[in-house]
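Have a look at these structures, which come just after this line.
Shared between the two complexes below is chain A, which pairs with chain B and chain C, respectively.
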Partner chain A sequence: MNLSRRGLMAAAAAAPVLMRASEAMAQGVAPRRGGTLQMMLTPEPPVLQIGVNQQGPTLAAAPKMFQGLLSFSSTLEPLPLLAKSWTISPDGKEYVFRLQENVKWHDGQPFTAEDVVFSITKFHMELAPRARAIFQLIETCAATDPHTVRIVLKQPFQPFLLMFDATAAAIVPKHLFDGRDYRTAPAVQRPVGTGPFRFVEWQRGNFIRMDRFDDYWKPGQPYLDSIIYRIIPDSQSRRLALESGQVLLSQASDIEPFDIPALRQRPNLEVNTAGWEYFSPLSWMEINHRVAPLNDPRVRRAMSMAIDRNFIVNRLWFGVGKPATNPVASTTRFHDANAKIAAFNVRAANELLDAAGFARNAQGVRFTVKHIPLPYGEIWTRLSEYLRQAMRNVGIALELESTDAGSWARRVGNWEYETTINFVYQFGDPTLGVERTYVSTNIQRVTFTNTGGYANPQVDALFQQARNAAVAAERQRAFSEVQKILVEEVPQIWLMELAFPTIHDKKVRNVITTGLGVHTSFDDVFLAG
Partner chain B sequence: MELSRLPGFLLRRGVKAAIVILAIVVCNFLLIHAAPGDPASVIAGQSGAADERFLAQLREQFGLDKPLHVQLWIYLKGVLTLDLGFSHRQQQPVWTLISERLPATLLLTGAAFAFAITAGVTLGTLAARRVGTWADSVITVIALTFYATPLFWVGLMLVLFFSVWLEWLPSFGMATVGVELHGIDAALDLGKHLLLPALTLGLFYLAVYARLTRATMLEVADQDFVKTARAKGVPEGQVVRRHVLRNALLPVITFAGIQAGQLIGGSILVETVFAWPGIGRLAFDALLARDYAVLLGVFFCTSVMVVAFNLATDLLYAVVDPRVEVQG
Partner chain C sequence: MSDFWRRFRRNRGAVVGLVVLVLVIAVAALAPVLYPGSPWDMATAPFVPPGEEGMLLGSDSLGRDVAAGIAHGARISLMVGAVSTVAALLIGVTLGAVAGYLGGVADDAVMRFTEFFQTIPSFVFAILLVAIFTPTIGSVVFAIAVVSWPPVARVVRAEFLSLRSREFVQAAEVLGKSRIAIVVTDILPNALSPIVVLSSLMVASAILLESALSFLGLGDPNLMTWGFLIGSGRSVIRLAWWMSVFPGLAIFVTVLALNLVGEGLSDALNPRLARQRGGAA
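Coming up: the complex of A and B.
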C-alpha cells in the first residue's frame, strides 16, 4: 500500500479536472461564464471567518472564499486544491505538500507556505477544538521553500489528510492575523481568502454577497459573476422562494423534509442527496448512562428494537437518508456491514424487558423516561413524538420536555438530561468523528463529547489501537471489533444516517462534484443558458 | 393646555421615565441571565466539536467568568454613558447592529401603522354612519376576519396569491439584491417589497381601529350634544367630523399610543415570514443564541420607545380634548 501511494497521489491530482470536464460534456453543455447564483443560508451565521466560527452555515459559505490544501471525493479520496501534490513517508510520519504557485489572496498579497504553517500551527491550534485535538500530534511543521510545507508527526496518524479540507483547516492569511487577537482582527469582519469568490457585502438579516475574484489561480474560473446568500428565517418562505425561482438553490436544512415530495414533482428542480459523505451525520437517541435503568444494556437493546427506522426514514424524512445500522455510517471509512443492530421487533423488545424484570404497572407502564426533543426545527419534534409512540409500545413512558437551543446545549453539556436526540458529523474516519462519543477518556461536560458517560475498557482499547495503527488493515480489524461490541451494548440508540437534500434549478450545473457537496468553492459551478 | 405648565410637566415625567427605564434595564438583565444556557454553550452546541478550553476561552472573552453583580455593574455603567456594549458572538458593537436594523423596522411598522390608522378610522366611520346596512356588515365581517386570523397565515396567503400565482410582488426581502438601482427605481423596488409585509402587519391593527372607531362613534352619536348640534342645524358632515369623530377618537388614540410603543418589537412574526431584515428578528435570533448584549440593547430601545410614546399620547389627549389637562 505504502509503495504505491506516490503513484496514487499523482493519479488523484489529474482526476478532478478530467472528471469535471467530462461531466459537463456528458450533459452536452460547455461551462458558461456569467450570472449570479442566489442561494439561502440558514440560520444566519454570526461571522464568516472559518475557524473563528465552525457552525454549519459558515462551513457552507466560507469555502467560497477560503480553501484548504485538499478536498475529498465522494469516496473520500483526497483531491488536490491549494496543495497540487503531496507525499507521505513509508512510516506514515512525514507529510510533504507541494503548493500551487501563482495563488493570490483577495487583497493581492501572494499566498505562500508561511500562510499554511501559520494556519496549521497557530490559527487553528488556538481557535478550533477539533483541529487542536489532531494538530497536537505535529512535531514540526515548516516551510522548506515558498511552495513546500513539510510536516512531521510524533506518531503515525492515518486519517491525518482528512484534516486538510477547508471545513477542517482552511488556510488563512498570515499577514492579516499574525500578532493580533484572531477573534477580533478586522479580517474577521471582511474575510480575505484565496477562494474563487471575494467578500463584498453583508447586510445582516438580509443577504451576503460575494463577487468573482478576477485573480483566482484556476485559469478561466470561476464561471459565476457573483454568489448571493439570502437570509430567510421561515421555512415555508424558503420553500416559496425556491418554488418561485427567486433563489436557485437550497442546501442543508433550508427545506423541511415534509416539503421535499412536492418539490420533487416540479420539473425545473433537481433534488440531490449526495455530497454529505465527508460529514456523514449520524443521528441517535442520546442516552445518559447515569440514569437508571438506562445503564442496563438490555433496556437500551429493547428500546432500540422498539424503533422502526424504516418508518422514520420513509414517513418523517420522506426517503432522504438511510436507517442506521451501527455507530459508523456506511459512507464513513471502516464501516463494517456485518455489524448490525437488532432488527425492529416489538415482541422481542417486550420479552427482553419482561425477562430483565421490568414489569408493567396497572397502566401498562414499566418505567418513565424524560426526553428533550432537539430544538433545531419542526422535523426533530416529530421524530421525538414518534419515539414516544414507539416506546409506549414496549411499556416505556417517554415524557417530552421542550427547550430552545441555548438550554439544550447547556443541559446536554452538563449531563442534565435523561434522553434526547443528537446528531454528529463523522468527518470521514471513525477516529475523527465516532471515537469521541464512546471512549471514557472523552467524558466531559461539553456537548459532542461522551456526554452519555458510557465506559467500557475494551472499547477504549480498540479505539486506541485503531487510532495508533499506521496500516489500514490493522485499523479495520480494530474498528470491526469495536462495531461488533457496540451494536450489542447500544450505548446510544442510532437512528438514521442523515442526508440533506440539495435542491436546485436544473440550469445550475456542477453543484455536487465531491464528498463535500455544497461545502466547496463552487469555482466550477455555472448557469446553463 | 397652558403652555407655561409644559416644561415642568416634561421635566417631572422625564425624571420618572429615567427611573422606570433604569429599573427595566436591571430587571431585563437579571431575567435574561436566569434563562438556562449561555452564549458560550450555544456556540459549542452549534460548532459540532468543542473542548473545555474552548468554552473557557469563550466565557472569558464574553466576560461571563465574572460574578453576576459585577457584570450588571459593568453593563449599567455602559448604559448610563449610552454605550450598549459589544456582541462578542457577532464581533460588533451592539449599537451598530441595532442601528443597521432599526430603519427597516421603523419603515415597516411605520407604514403599517399609517395604513392601519387611516384605513381603520375611515372604515369605522363609514360603518358607523351606515350602521345596519350591507356596507356596515361587510366592513364588520372583514374587520372581524383579520382580527381573528393569525398574522403569519395572512402573510403566507398574501405571498401565495401575489407572489406565487400572480407573480406581481416579491415574496421576501427588502430590496432586489444583485442589481444596481438608483433614485425612483430603488424607491419603487423598496415599495414593492414593503407592500405585502406592511399590509400583513397593518391588517390586524386596521381591524382593531375599525371596530374601535365604529363602537365609540355609535356610542357618542346617541349623546345629547350631538342631538343639540343636529337640532341647531349643523350640516351632517360637520356633525360627524367635529362632534362625533373628535370625541370618538380618544380611545383610538389610547390604542395608537400602545401600538406605537410596540413599533420596534411588535413585528417579529412578519419580519420572519417576509425575511424583513428588522430589529424583531435581531432580538429573536439574539434570544436563541443567548447573545445577552444584543438582546438587552433591543429591550432598552423598546422601553425607551414605549415611555416616549406614552408621554406623546398624554400630550396628544390634551390637544384633541381641551378638557384634559396635563399633569405630571
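Coming up: the complex of A and C.
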C-alpha cells in the first residue's frame, strides 16, 4: 500500500522501509486509523520552531509538524519527502528538486517552491550555524516554477543532500516569517508546517498536543488521530509511565541505560536501538595534545589498548551501543571497516609504555593525568571511574576533577583540560561531522571543534580532498586513507558508538523506518488493534 | 577518671555506642588489611548479590566490592568527621572565648559575625562553598568546618560569661596572670565538658554532611566515601538494593553510636544533670 505513495524513484533506497510495511501486511496487520500516541519529551524544549531551537527534544518533536525536502534511510540513502524527485548535474554543482504538489500548510495556504527558497537562503542561513556553514556554498537558489527549485553551488559538495532532512533544514512557511524577526514571529509559538500533525496545545511542564492534519498531502495518512508528548522530569517516573502503559513510547535519553535490561524483559515492550544512523553519535576520551606526554602517539595508543570497550558497552550501557573501531562510526558513510584501532591488550600497552621510556615509580605509576568526567549524568561518571581503573592497569594515574556542565563547556572550549569525555553527532558524512575534530584549520576556542589541538598536514590534506571531490569513490579513497592514519595516531581515544533506545509498546507499528528514527513525521505510525 | 568511667558506664546506650564506634574505627584502621588494594578495583562481575562469589555485601555497577567500599569509606568518613570538627572547634572556641571573656564591643562584634553565619542554611552554604572551590577532600573539610563552628562559639561564649566572674578567675587576675594565661589555663579547662559533648555530636553531623555532599556528587571524585556509595546506588536501587542499603546502614550505625557516646559523655561530665534526669525518669 505504500508503494504508490512513496514514488518509484526511491523504491530501491526505501527497501528496508517497504519491507517493514510488507512484513506488517504479511502478519495480517493492515494500518489502522485512529488512536492517540502518548510519548515523552525530555527535557522540555523552550520552543518547537525548528531552526529557532536545534536541541534534541525539538529535533524529535518538530518533524511531526515540519518536513524537509528529503528523509534518509538507515543506510543514509536519500528518500523523497517534500521533494518527490531530484536530479544532480554530472559536475556535482547543480541540484534540481521537483516538489510535491497539493501540499498545504496547516493554515490552508499552498506550499510552493518560494517557501523552499526562503527556508534555505534566509531562514536557516540566519538561524542555524550548521546550515549556514554548508548553505554558504550556494551560488544561486531559485524557484524556476511553483514546484521546482534549482540550486547551483560554487563548488561540488557531495554530502549536500544530507542537509535537506527536517532536522537540518525544515521547510518553513514564507508567508508567516518573511519580513518579520524569525525568532519572535507569532508562528514560533504556534508552529505551522506541512507535516501530518498540527500544533494544538502546549501546557508548559505538562504536555504538548498535536492533532491529525486532515489536509495532509499523503492520502489516507496519518493514521493516528493525535500525538501527545508528556513532560516528565524524573527518570524513574518516566520508566513507570512506560511500564504502566501511560505512555506507549520512549526515545533518546528518556530511559536510563540501567533501566533497559528490566524493560527488555517485559513481553509487551520492544527495545530498538536503530534509527540513529543519521546522527551516529561517537564518544571518545578527549585528549589535549598540548599536555605532555599525551602528545606522544605511543602513549595514546597504549591508553587506547588499555580500555576494554566491550566492558563499557555491556556493563555500563547494558548492551545499548557498539564499541568504536575508528573515528568514523560504522553507521556513517565512508566508514572503513578495515581501519581498526588496536585491540584491548593490557600487556602490549604496558610494553609499549615501557619501550617509550615511561618507567613506573615505587607506587607503580608512570605519570599522572587529570581527567574531567562529562557532567551529563551518572553514567558518564561511572565511565570515567572505569577509565581510571583501566589506566591504573598500565601505570597511568588518572585524577578525576568534578565540574558542572557550564564549566565543562567553558574549560573544553578554552583548552583548559588534560583529558575528558566527549561525544558528537556525525550527521551521516565524515565531512559534516568527523572532519571538524581532526583538521588543524578547525583548532578553535569553541567546543566541538578541534579542541584537542591535533595537527597533521597529511590528515588536513586528505579531509580537504574528500570535501572537494565530486565523486563518492574518490572521497572513499581519501577517507579510507585518513582513517588508516588516525587509527595509528589515535588523536582521540574513541570509546563507543552510542545508541539511544526507542522503547515502545508492541502495538505501536512502523516506529523506526528510517535512519532518523523518532525524528520523523510519524505519518505511517499506527496503533494495531 | 574511674569516677568518670563509672558514670559513663551507667548509661547502657553509651556503652553500646562506644563498642560500635570502636568497631567502626577498627574496620577503618584494618581496611587495607581486610581489603588490600583500591576499593575502586573491579573485583568481580557487576551486580553480584550479597554473599555470592565471595562478595560479602555484593558488588556495584562496575563490579566493585561494596564491602571494600564501606571499609575504605569508613576511613574517609571518620577522617572528615574528625578533621572538620577540630577545625570548627579551633574557630568556634577562639571566637567564643574572645567574645565571652572580653565582653563589650568585642562580644557584640563577634556575636553579630556568628549570627551572620547562623542565618545561612548550613547545608546550602556547604554546597555553595564546595561548588566554588571544586570538590576535593580539602574543600569538603573546609566547607563543613565553616558551617559548623557557630554553635561552638555560642556555647563557649556562654561558659566564659559565667566563668569569668568567678572567684578563681578574679584571684588569677589579682595575681597578675596574663589574660591569655587565664583563658587557657583557668577558664578553658572548666568549660571543657560541654565542648567535649558538643564535639562528639559535631563529628556525627559532619559525617552526615559529608555523605550528603558526596551523595549529590560533590564529594572528592578520587576518594571512596559512604555518601558516594549511596549516591551511585540510588538510581539502580530496583536492580541492586545492596548498593545503597549497606552504606546507608553504615552511616546510620556510626552516627547513632556517636550520638549515644555523646549522651554518655554528657552524663559522665555533668554528674548533677545526670542524677536529675535519672530522678525524673
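By our rule, the second predicted complex is superposed on the first by the 506 of 529 C-alpha atoms of A that agree within 3 Å, B and C clash if a C-alpha of one lies under 4 Å from a C-alpha of the other, contacts with A are read in each partner's own complex, and residues count from 1 in each chain.
Just so we're on the same page, contacts are C-beta pairs under 8 Å (C-beta built on N, C-alpha and C of every residue); 3 or more make two chains touch, one makes a residue touch a chain.
It should be emphasised that the depicted structure is a prediction, and the values quoted were computed from it without experimental measurement.
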item: Partner chain in contact with A:P373 - chain B first, chain C second, else both or neither; value: second
item: Partner chain(s) touched by A:P222 [first = chain B, second = chain C, both, neither]; value: neither
item: Touching partner for A:T36 - first (chain B), second (chain C), both, neither; value: first
item: Chain C versus chain B, contacts on chain A by residue; value: B
item: Which superposed partner A:V412 touches (first chain B, second chain C, both, neither); value: first
item: Partner chain in contact with A:P173 - chain B first, chain C second, else both or neither; value: neither
item: Partner chain(s) touched by A:G205 [first = chain B, second = chain C, both, neither]; value: first
item: First, second, both or neither for A:I231, with chain B first and chain C second; value: first
item: Touched partner set for A:A241, first chain B, second chain C, both or neither; value: first
item: Which of chain B and chain C A:P191 touches, first, second, both or neither; value: neither
item: Where chain A meets both chain C and chain B, residue numbers; value: 236, 403-404
item: Partner chain A, residues of chain C touching it in the complex; value: 38, 40-42, 46, 61-63, 131, 134-135, 217-218, 221-222, 232, 235-236, 238-239
item: Residues of chain A touching chain B in the complex; value: 36, 38, 43-44, 46-47, 52-56, 128-130, 132-133, 183-184, 188-189, 203-207, 209, 226, 228, 230-234, 236-237, 240-241, 243-244, 246, 403-413, 424-425, 436, 444-449
item: Interfacial residue positions of chain A with respect to chain C in the complex; value: 235-236, 256, 258, 261-262, 315-316, 373, 378, 381-382, 384-386, 388-389, 392, 399-404
item: Contact set on chain B toward chain A in their complex; value: 35-38, 41-55, 61, 88-92, 97, 100-101, 104, 152, 156, 159-160, 163-164, 167, 170-174, 177-178, 271-275, 277-278, 281-282, 285, 287-290
